[in-house]
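Each in structure tokens, the structures are laid out below.
Here come two complexes built around subunit A, the first alongside subunit B, the second alongside subunit C.
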Partner chain A sequence: MKIIKKNVFEGLVDELIENDEREIIGVQSKDSKYVFDRLEKAEGLELDYDVTILPPKKYFMPQRETLVEYETREGLEMEPVNEVIPRIIIGIHPYDLEAIKQMDKVFADSPKDSNYLEKRENSVLIGVNMQQTSDWSFAGSMGTATVDDGYDLMLTDLGKKYAVEIGSSKGSDLLEKISEDVRDASPEEIDKVEKAKEEIKDEFDKELDFSPQKLPSLLADTYDQDDFWEENAEDCYSCGTCNIVCPTCYCFDVQDFSDISLEEGERMRQWDGCMLEAFAEVAGGENFREERAERYRHRYMRKGRYLYNRFGDIACVGCGRCSSQCVPDIADPTDIFNKLWRGKDE
Partner chain B sequence: MNEEDSPYLPESATILNVKKMAENEKLFEIELDSGEALNHDPGQFVEVSVPGVGEVPISISSSPTKEGNSFELCIREVGNVTGVIHTLEKGDEIGIRGPYGEGFPVDELKGHDVIFIAGGLGIAPLRSLINYTLDRREEFEDVKILYGCKKPCELLYEDEVEEWREMDEIDYRETVDECPDDVCWEGNVGVITTLIPGVDIDLDNSYTVVCGPPIMYRFVLQELKEKKVPDERIYLSLERRMKCGVGKCGHCQINGKEGEFYVCQDGPVFNYDVVKDFEEAL
Partner chain C sequence: MKPEERPKAAFFDFAGCEGDQLQVANLEEKILDLLNIVELVSFREVMTEHSDDYDVAFIEGSITNSHDAERLNGIRENADVLVAIGACATIGGINSIRNVQDFEKVQERVYGDEREHYEAWEKAKPAKAVVEVDYEVHGCPIDREEFLHVVQSVVMGREPNIPDHPVCVECKLNENVCAFERDEFCVGPVTRAGCDSCCVNEGAICWGCRGLIDNPNEEAHEEVLEEYGLTAEEVIKKFDLYFAWQQEAREDE
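After this line comes the complex of A and B, so read on.
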């Protein structure tokens, strides 16, 4: 563990904004909320925040991106496209780091999705331990209030200085630039960091009443409780907001966009959501998840069970974005999971 | 970005021939511009691209035993992309990705009776396996084909069906849901399930392969159950919305209490015993 003064860190960020070829992204306040956005100056950084509107997923899987460019002037020509902007992203909370780790597995699974992977490889992740929590978050219960890896550098606020944990050579390379101002942490400082990490785990208002490891079997057991799913999905708008803000939702649609000449254009993928009505509809009109309750259940099953079966991770990191953004307020995973847990023996 | 790095980049291919088969269905013979064979298994599918319009998953309708390197797709005009595909002609270029998915377990079927039950467009994926068994007839025991469609004019692969009717080495039966008075039809009239009771099924030695619209499965499977056909001796090919074909986009996932499958990777061909308890499968 290293220690740097806050003003040194800010100086480093300004230096990177000024001279580094990479785009520097940081958490900033926007209206009364927080967002990941391009940093103009280090002083715009807000590292003491509750949660951002969108997770940093948007930098690796943009809302819209080109996969293929085509041209038909002299026969059909198609080229793969990946618009990679190398980036340094500053201020990622532990639950979002965990989500990125999970997405890395999804997109590295065969066949590899290089559109995602190349963007990831060209990014540096600077995490920050939480000092405050969102009202909707339950990261403490999901084991994602802190992480041991998944970052290149990890900051912990110690008043006038940051404790810095180094997660990779990409991270240590950054620190090289200010090596004269970096010192080893003292045993007391290390203790403080560990204490801060321990304390944040109890700061969450929302809680899961049981270990998340029990989710896969709980959800298997409650899959066919149709009344429960129907009752809870009753007010769902099928708007897909919970999908859009989720750091582990990665389903996508693919569409072609033609140039006005009709002789060239792009094939793009864009975010899609399993809560949207047409998500499982085929051209002939058959909809394989036609009912709101089926789609609603599908989302919870996917978070707590399906992706676990496939990749070994509980695909809910407890950020609370889904519930915080849900207009009819029916998307709180702790509410749903706890109700299922309490009702399982009935 | 290297071409081999993108699972989303189609290969260019050329339409060698287009044949109208029914009011809404055409058969397209296609060859990859690389000149290479598609190297597919019966039951697999490809993603067909019309640049500027989009991509659709289409099951491969020809057998890999077919001569030459071309392959065939039977495409129903039903949406935007298939609508444009239907305007394409010999010599036009399209994009192809694949073949994708798990096809029929040909090796498991060898040495057994094979009973095909096709409803409507369900004949398209089954034809890849039907032609495979006909081309390697000696590797299979009895072959029975039950084919049903709504009206006689919707019958697909008419020339081949005509041959099947005459063939001694297979048992071919057909039905239409209804037949207009002014149309000559010598086959059965009634839904596809009405053909099943009359078929002898050697329960210990046969496999039944079913493909048709979602509504058909329920009734056909019920009929097969009455015949005491073991669930594990039934194979189905399922249709789902697909956007990527490679297990990423999430659209084709089918779920149930038991777990989940991606139709594009784990299917489209499934053993009935494996998916029967999946609420969303059938």
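After this line comes the complex of A and C, so read on.
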């Protein structure tokens, strides 16, 4: 563990903004909320934040992305496209680092998604331990309030200085630039960081009443409780907000957009969501999840069971974005999972 | 596409502000690209010539009296493809605010003492309530890019990509702070996306100009609006600005 003064860190960030070829991204305020966005100056950084509107996955899998450009002037010609902008992303909370780790597995699975992977490889992740929690977060229950890896550098606020944990050489290379101002942490400072990490785990208002490891079997057992799913989905808008703000939702739709000349165009992908009515519609008009309740159930199944069965991860990291941004307030995973847990023996 | 293969296109306006045709006129240099795939034979806003020999008819404005209906029927008979453009033509638009008001008062407000000389329906209607419509370009006003996309789809004979999900999708993709979190109220959760949430991006709210999605959860949204402190009357007003004709049509189904 290393120690740097806050003003040194800010100086490093300004230096990177000024001279590094990479784009420097950081958490900043937007009205009353926070977002990851391009940093103009280090003083714009807001590292003491609750949660951002969208997770940082947007830098590896943009909301809208061109995959192929084509033209038809002399037969069909196609070129794959992957616009990779190398980036340093500052201020990622532990639950989002866990989500990125999960997404890395998903996109590296066969067939590999080079559009995601190349962007990911060209990114440096600077995490920050939480000082405050979102009212809707339950990362303490999901084991994602802190992480041991998944970052290149990890910051912990110690008043006028940051404790910095090094996760990779990409991270330590950054510290090289300010090596004269970096020192080893003292045993007391290490204790302080450990204590801060322990304490944050109890700071969450929302909790899961049981171990998340029990979710796959709980959800398998409750899949057929149609009344439960219908009742809870009654007020669902099918607006997909819970999908889009989720750090572990990765579904997308691919469409071709031809230029008005009809001689060239692009194949694009855009984030999609399983709560949207057309999501499971196929050619011929058949829709495999036509009912609101079926889609509503699917999201919980996917977070707590389906992705666990494929990749071994409980795909909810407890960030609380879905529930905090759901207008009719029906998307709180702790509410649904706890209700299922309490009702399982009835 | 060879010039002689281009379908002939004509624009027609009914009750409306012609803002949608203005959007087309405002395509500027892209209007030349448009002319590569259609031949314009009638478009009052940009040309003086007129011809009744056309394949594709673009209809702007809502249908508000029997004279309109007769004219629209004639256009339908004449055209192979009929495209409604803009909220007035696709969902009745703001003309349909009158559909939920006292008709005599409406007439009096507009025509005063002369009202008996003007024949008008009690309810303003979109084109599809009178004739069969093949394609729709939603919005008030329409989005130019979407207009081009639909024209292309007409020419290519394919289904255009018109979203059937709420504006919330685009609002979240654009990482807007939700209107409800700004203590404002919005009909985005029941309104068809495709506008790239342009109003909310600018700090406003969604008024619903693209109309309801095919399967909106209006009941949930009414409950939500009331929970956020709107009275039942205010909730109805929120829905009446653009949705009056659609809501009545849904009730009749």
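In this section, the second predicted complex is superposed on the first by the 346 of 346 C-alpha atoms of A that agree within 3 Å, B and C clash if a C-alpha of one lies under 4 Å from a C-alpha of the other, contacts with A are read in each partner's own complex, and residues count from 1 in each chain.
What we mean here is this: a contact is a pair of C-beta atoms (placed from the backbone, for glycine too) under 8 Å apart; a residue touches a chain by one contact, two chains touch by 3 or more.
Keep in mind that this is a model prediction, so the values were computed, not measured.
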| item | value |
| --- | --- |
| Partner chain in contact with A:Leu262 - subunit B first, subunit C second, else both or neither | both |
| Per-residue touch tally on subunit A - higher for subunit B or for subunit C | B |
| Touched partner set for A:His298, first subunit B, second subunit C, both or neither | first |
| Contacts of A:Tyr223 with subunit B and subunit C, given as first, second, both or neither | first |
| Contacts of A:Ala108 with subunit B and subunit C, given as first, second, both or neither | neither |
| Touching partner for A:Leu54 - first (subunit B), second (subunit C), both, neither | second |
| Partner chain(s) touched by A:Arg289 [first = subunit B, second = subunit C, both, neither] | first |
| Touching partner for A:Val254 - first (subunit B), second (subunit C), both, neither | first |
| Partner chain in contact with A:Trp271 - subunit B first, subunit C second, else both or neither | second |
| Which of subunit B and subunit C A:Arg64 touches, first, second, both or neither | second |
| Subunit B/subunit C common contact set on subunit A | 255, 258, 262 |
| Complex contacts: residues of subunit C adjacent to subunit A | 1, 30, 33-34, 36-37, 148-149, 151-152, 155-156, 161, 164-166, 168-169, 172-178, 180-182, 189-190, 213-217, 220-221, 223-224 |
| Subunit B-facing residues of subunit A, complex | 67-68, 70, 72, 75-82, 106-107, 109, 111-115, 118, 220, 223-224, 250-256, 258, 262, 265, 267, 269, 272, 274, 279-284, 286, 288-289, 294, 298, 301-302, 306, 309-310 |
| Subunit B - residues contacting subunit A, complex | 1-3, 5-10, 12, 49-56, 76, 78-82, 93-95, 213-214, 239-241, 243-244, 246-251, 253-260, 279-280 |
| Touch list for subunit A against partner subunit C, complex | 30-33, 35, 53-54, 63-64, 234-241, 244-245, 255, 257-262, 270-271, 273, 276-278, 292, 325, 327-328 |
